[in-house]
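Below is one structure. I have some questions about it.
Naming follows writing order (A, B, C and D), and every chain is counted from residue 1.
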Amino acid sequence: MPISECRIRRRIAFHEVDSAGIVHFSWFYRYMEEAESALWRAAGLRIAPSRELAYPRVAATFEFKKPLRFEDEADVTIEVARIGRTSIGYRCVITLNGDVAALGSMTIVCVAGPPGAARPTAVPDFIKERLTVVS
Amino acid sequence: MPISECRIRRRIAFHEVDSAGIVHFSWFYRYMEEAESALWRAAGLRIAPSRELAYPRVAATFEFKKPLRFEDEADVTIEVARIGRTSIGYRCVITLNGDVAALGSMTIVCVAGPPGAARPTAVPDFIKERLTVVS
Amino acid sequence: MPISECRIRRRIAFHEVDSAGIVHFSWFYRYMEEAESALWRAAGLRIAPSRELAYPRVAATFEFKKPLRFEDEADVTIEVARIGRTSIGYRCVITLNGDVAALGSMTIVCVAGPPGAARPTAVPDFIKERLTVVS
Amino acid sequence: MPISECRIRRRIAFHEVDSAGIVHFSWFYRYMEEAESALWRAAGLRIAPSRELAYPRVAATFEFKKPLRFEDEADVTIEVARIGRTSIGYRCVITLNGDVAALGSMTIVCVAGPPGAARPTAVPDFIKERLTVVS
């Protein structure tokens, strides 16, 4: 059965907090990617690049609604929003105690070929058998 | 004379490159912020939070066009795209040898008040005297 | 009852891995600090700087024995090795499936006073009641 | 003519500063590595792993003397302290306006062979022709 979403709980580390006392915005993109890695693991897949395939990010966005602070335990939920011919689109919501802290999106593309000359390639069947768009 | 844009040259460090051999996408948001800091410095301003004012990010986006690699020297250009009542919007382009590597945007808001209870406040005049929308 | 040590399990994130396919060495210092934060939480303490007290690091070392890779689940154990008049020393061992990946140490100092003019101060009793040197 | 040392000037970025308003200690190890990359570049070498050789870190230490803050311009000097059969040792000093902020050391080892089964190998002659121990 393919899956569509995954949620991880993520405790905020001291080194992720900036001098305003809140998580530096660059970290939200990493939290989103950590949830994506967990989604792929839960689906029996592995997001790491191999000799045959890699999944570079082609776009990523976040809107920041409420700050996260040291030792907060945030919930990071990612869901598959689209599967195109060569790309996969995600939506992400990060909450703290049920309140939305941030809303994100990310698009990745499947590429094949040697580093430096990789080209987009169709999303392989073994991925489409395990990940599906959220209904 | 207010200014509208700033360009920095940024050499890619080893620790910014991921296992696919390219700069991890989370770094582009930091490069954009480094260019913003340089823009504010060039304007005689300081982006760091003070007791009175802070400038949290409320949105940031990037589209990734071409990868950056270890020791590349990228050019990061940021420009002021909008100044609203309480917010400032930027556009950012990152190039390598003239080729576009990534296109970004970021919106910040001016807030005043104690940490945890800061509220949006009008962009102060001392900022509007030094930063202006690109023409 | 004061405590002396804490262990956390830490899954390696994609963005922590460098182009050699192994965790970048700078991350081990952050893993050690994450274990320290967990130790203090378990002791009912908070390592974050407050208006009165802060705990800057004055030394940190690591020897790296075996690499960690993406999705590995490492165990990070920290223990209190010394409590001096104004400082606390830790030892840290990071293992993967029981094999030692890295051996670390860290010394922090208690400081009081305004930012920029903080001075070492005696380790407060409320800390010594909750943290004790490993026997 | 082989060289022994290199100095870079490094401006502190906002995202490198923690909630105590000072550079997070994990960054000093990265500054040291950035200076090492510059040293190798100046020597006509490249520290990045290749198919044949890689240079994992086997130890790194820092003592922290004075904090660095946002927008400070620190000088990071690295020098070759030892060249062993398979390893290279560095010393590093980081200063701000001539005052020592931190003292570091790092040891790397040359390894050859496939990822996961790389073994220490003698420091190649092409490196020893370009890097030499400081006198």
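In the analysis below, a contact is a pair of C-beta atoms (placed from the backbone, for glycine too) under 8 Å apart; a residue touches a chain by one contact, two chains touch by 3 or more.
Since the structure is predicted, the reported quantities are computational estimates derived from the model, not experimental observations.
By count of C-beta pairs in contact, B-D exceeds the other of the chain pairs B-D and B-C. With centres defined by CA atoms alone, the chain at the far end from subunit A is D. Per-chain CA centroids place subunit A at a distance of 23 Å from subunit B. Chain centres here are Cα means. That of subunit B falls 28 Å from that of subunit D. Centroids of subunit B and subunit C (each the mean of its C-alpha atoms) stand 32 Å apart. For subunit A, the set of residues that touch two or more other chains comprises 14-15, 19, 21, 26, 30, 33, 48, 70. Within the complex formed with subunit A, the residues of subunit C that make contact are 13-15, 30, 33-34, 37, 41, 46-48, 70-71. Put simply, subunit A touches subunit D in their complex at residues 14-15, 17-19, 21, 24, 26, 70. Looking at the complex, you find that subunit C touches subunit D at residues 19-22, 25-27, 29-30, 33, 48-49, 54, 56-64, 67, 115.
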